[in-house]
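Given below, in the form of structure tokens, are the structures.
Two complexes, one shared chain (chain A), two partners (chain B, chain C).
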Partner chain A sequence: MRALAPGRRLGLLLIVALLGFGLLGPWLAGADPAHQILADSLAPPGTDYWLGADHLGRSMLARLAHATRLSLLLAAVTVASAAIPGTLLGILAAWRGGWVEGGLVLAADAVLALPGLLLVLLLAAFAPGEFLPLYLGLALAGWVEYFRVARAMASGLLARPHVEAARLLGFGPGYVLWRLLLPGLLPTLGVLAAFGMGSAVLAISTLSFIGLGIHPPTAELGSMTTELLPYAYEAPLMVLMPAALVFMAVLGCHLLAGQARG
Partner chain B sequence: MNAVLTFAGLDVTAADGTALVRGVDAEARPGQPLTLLGETGSGKSLVLAAAMGSLAPGLRASGRVMLDGTEMLSATHSVRRALWGRRLATLPQEPWLALDPTMRALGQVAEVYRLVRGMPAAASELEARARLAELGLDGAAAHYPFQLSGGMAQRLALATLRASGAPVLLADEPTKGLDADRRDEAGARLRAEADRGRTVVCVTHDVAIARALGGEVAVMLEGRVMERGPAETVLEHPSHGYTRRLLEAEPARWPALPPRPAPRGEVAVTAEGVRRSFGGRPVLRGITFSVLRGEIVAVTGPSGCGKTTLGDVLLGLLRPDAGQVRRLPGVAPWRFGKLYQDPPSAFAPHQTMRQALSDLAQRHGLSWAAIAALLDRLRLGPLLLDRRPEALSGGELQRFALARVLALDPVFLFADEPTSRLDPITQGEVSNLLGELVTERGLGVLLVTHDAALAAKLADRVVQLRPSGAEC
Partner chain C sequence: MGRRSLGRFLRPVLMRLTQALLVALIVGALGFALMAALPGDQAFRLAAARYGPDMGDAAAAALVRQELGLDRPWAVQFLDWVGRLMRLDLGHSLVTGEPVLEELTMQLGYTLALAGVALPLSALLGLPLGLLAGLRPGGPMDRITLGLSVLLRAIPAYALGLFLVTVFSIHLGWLPPAGFEGWREFVLPALTLALGLAALSARVARDSVAVVAASPFMAFARWKGLPERAVVLRHGLRNAAIPVVALLGLQLIGLVEGLIIVESLFSWPGIGHALVHAIFARDVPVVQGTALALGLIFVLVNAFVDLACALADPRRARAAT
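After this line comes the complex of A and B, so read on.
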């Protein structure tokens, strides 16, 4: 394993810190993120509430920690659900060619023509709950990217002499897939997934911010910002906190993805 | 201004202090070309880069490089820039990659007149047509670079250099990527530039180019000039051992190989009336021949005549449109192997040699001892096993490629230009090895090459393919 570049190390550090906050925060805060003490409405940070309390007197620390965990986990599941089928379909298309490839490319182009937001809206109308439409919408809109990259790279790799050589040496398709193709694709797809992770965090909080994703009282970074926006004059810090966490998560993902190497 | 380029005590040092070029003295004058001859990694290209002022960042040059009294090494970037394309021009390696892919041939030459020499558009075009005509490219004025052959692209690059009027011409591996039959042409072309009064500096590993160019030759090894003098002297009566080895590595000069016993008579593969076309263009038109175990059959002919196609059809990688391919019955498909022209591309870039070979051993239930014995036979040290392809030389990789084919006890091997990307000395080693193994193993080899001398030395029989694809 080569050492990570300084920028990517910083990104990794940010993500690990946020994950730690999301996983350890609820335990640290010791409070129920939905427990309201109206008398403590908009309490400033202090000994009672380390990060203050929101307009309903709920612990900000507990809510932020829960929201961070929710965002990162939902983003990770979404990215995995887009990346794994996308990559496998991309390889399948490059491998089989012909009508298989034609059909898959057509499907990918059709998804690409549909705005991702519209997909979430459509699903929100039909799918039950608040998590499922968000997850399905983002995964269904996201796989295309992995499909296209995997297909382009796999068809390049499959045409290379080393794959032909492996076949001539008696290796079967399983070997070509697992030992030759995937290791060749992984570095690029890893970068893509890190970017995708950042976009997913942003998309989840954006959709929740405009009331389409996860609704109150569940603590979510986007919906918390919406809830606290009316109190921006009295307690500007409270609005900034969830927004800052979104910023850090997205920045962390993008730094981790690293710069395109020249 | 008589355009004399002089190197005096030139050193190039890497950032970590490693000396890459040490104390190079040489000189090129109008009509008196200089050839730097050596293998990959001998530092010859760095000498050229130092003259141009285009060394990679981190490399430091010291000593002196003088062009008409200007000290090039200490000159500022803007001084050097002013010389580029006006006094000093480069003929790039693989010019088809260096030409503007979106511009027609005429435009590439005309823009030099317009932008470098400040001539009006109409006059530029007139001059450009004249330059193209001089080099026999009048028919190609409206072509884009991708429509030109390698030799034509090189002539086009030369036309732009002539247009610039730069008196000093630096050529970096002018034959790289050209077919053997175009190689002599490239040498003659550079010689013609020298005869027109240009100062030519040429960097090459190809002894034939050094011979064609004449003038002065400096033989380089590990950053030093081993031997320097007039081409006739150095190439005909070399005084240094390394130069002698380099010259002996030319296929035409190889000592005759020990005679091989007659082939076993068992037919490894047979083609009967094989036809194959690509995109409607027939490449193979009814070819019939066979390769016996224990013999080398060379197939020669210019690019595009279907040499590689023939081999791929015999291996079953391509299906013939008509005709039949018959392989020795009862033999597993992996005992028909292939050696590739570009050794690094034949290995997965992320796998070490140990990984690749142990996967192979596992797949076919071979013992590692058998593979280790084979590596020993091919003079591949155990230290090389833990390297990835990027850290191995072309010759080492080609021997690893041979090892993995031989591990499967092959009856037939399709060797597709197996030595054309290797240095001359390595080329000789790999070829000799191939010759020995044919006898040892009773291996039938189809050797594709465009080097007639190599074919004549190594093969028992030579099959010539004409460009049309018909057999001679």
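After this line comes the complex of A and C, so read on.
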């Protein structure tokens, strides 16, 4: 593996740490994120609850860990669902040209006509609080970016002598795609995907905060902030925790994408 | 004005008109599908919403069904909707019964006022910092603004707003946490919006200033003996402005998205807040109307950006015609 710039290494470290927290946290907490002990409502951090208990006496550690896992997984699935079709369609458009390219570009322009969040919001409105419309909306709004970049880069690569030579020599489309095109596209698409992952984490938590994303009682970083907001005076730290995790996840993704290079 | 300079403005206008049409079609189709996807009998739900839960009986539902034409085939209803949309008749709110257009114009004023304060504020915050950073790439100012921008862009807008409210309303007591009467109420929502936008525009300004400052034509302008003032003003700023203006378009996606979030957070009575509320209430005509308005604001502002680009950079316009 190539040596990463310090900023990117820090980003990777943050993501790995959060993934570890999300995957190991539920085991560490040893508690059900939905289990309520009302007598422990708003218990401060201590030996019983490492990070305290929320207004319903649920373990904050367990809820934060589950919410972190949910955010990262949903964001990763969303990004994969946007990046893989987007990239393949971009290469297809550059490869085939003609009406295939025209139609795909038109579809991309149609998606870009609206701000992404508006599209996600309209789709999420079909079933507020469920994963599917949220996921579909984010994937639908997201594929365009990969499509445009992949199309532009692939049409450049397809005109390069070594690619033309390979095609003239009779190497099949599979070889050209896997050996010649994708390796050239991957670094740029990786940056896009890391950045898109941050945007997805932000969008999911923001929509859930407004009440149009994932609903309680599922532990989600944005909706946890909403739930705890009325108790901000008694337990300011607890309102801060979920938002801080969103911040760390997005920061990690942005740093990994190389944003700190300037 | 020759044919060429006319085309220079006509082509982007036509492109934006197509975009506006696409916005209307997408929002219309989604809104209509939204209506069809509602679970249960819509007439009962709306009767209950309109007359109160106790009055939502079969008679009230039948009345609502007849009044809104909910018993016609969906294709007829869709054509009806598209036809009315083209005449800018956005229908009545299914909950309040008020015309959507009337509610929209009132909300539009609040949204535009908020955006009108936030955009200049973001320019005021972001551009000077970007300029200072770009004049000395790698210097301390550059590093500080880079760090601030990276941190700021990772904070969710709702958390930033909550933080500002906590500090300025709750702890210091300087500003009201909500409301929309005087200038004091503008400060926190506008600042929340502006900080997010400035984090991006500062970096864009920094990059373009750095590129221009290092370019040969700046050195040449100095060699030929132009005074420093003329070098920076005539050759520097205009060239540095081109990418800034072009990337404003990108920033404006952030503006529309930020408006939805900030208005919801501060209960600002604008279009974004109305959209979120209408989604909760399943008030489909209002969802359609507000989404359409936000989409068209996006298109309109983009058209202004196109125009500004064409004015700032004649080369680009010539290449496009």
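Rule of thumb we're sticking to: the second predicted complex is superposed on the first by the 251 of 262 C-alpha atoms of A that agree within 3 Å, B and C clash if a C-alpha of one lies under 4 Å from a C-alpha of the other, contacts with A are read in each partner's own complex, and residues count from 1 in each chain.
Quick note on the criterion: a contact is a pair of C-beta atoms (placed from the backbone, for glycine too) under 8 Å apart; a residue touches a chain by one contact, two chains touch by 3 or more.
Not measured: the values here are computed from a predicted model.
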{"item": "Which of chain B and chain C A:H254 touches, first, second, both or neither", "value": "second"}
{"item": "Partner chain(s) touched by A:Y175 [first = chain B, second = chain C, both, neither]", "value": "first"}
{"item": "First (chain B), second (chain C), both or neither touched by A:D109", "value": "second"}
{"item": "Chain B or chain C, by number of chain A residues touched", "value": "C"}
{"item": "Which of chain B and chain C A:P6 touches, first, second, both or neither", "value": "neither"}
{"item": "Which superposed partner A:E164 touches (first chain B, second chain C, both, neither)", "value": "first"}
{"item": "Residues on chain C engaged by chain A in the complex (per definition of touch)", "value": "19, 22-23, 26-27, 30-31, 33-34, 37, 137, 142, 146, 150-151, 153-159, 162, 166, 203, 206-207, 253, 256-257, 260-261, 264, 275-276, 279-280, 287, 291, 294-295, 298-299"}
{"item": "Residue numbers on chain A that touch chain B, as the complex places them", "value": "160-162, 164-166, 168-171, 175, 179-180, 183-184"}
{"item": "Chain A contact footprint on chain B (complex, rising order)", "value": "315, 317, 332-334, 336-338, 340, 342, 345-351, 359-360, 363-364, 401, 404-405, 408"}
{"item": "Residue numbers on chain A that touch chain C, as the complex places them", "value": "109-110, 113-119, 121-128, 198, 202, 205-206, 209-212, 222, 225, 229, 232, 236, 239, 243, 246-248, 250-251, 254-255, 259-260, 262"}
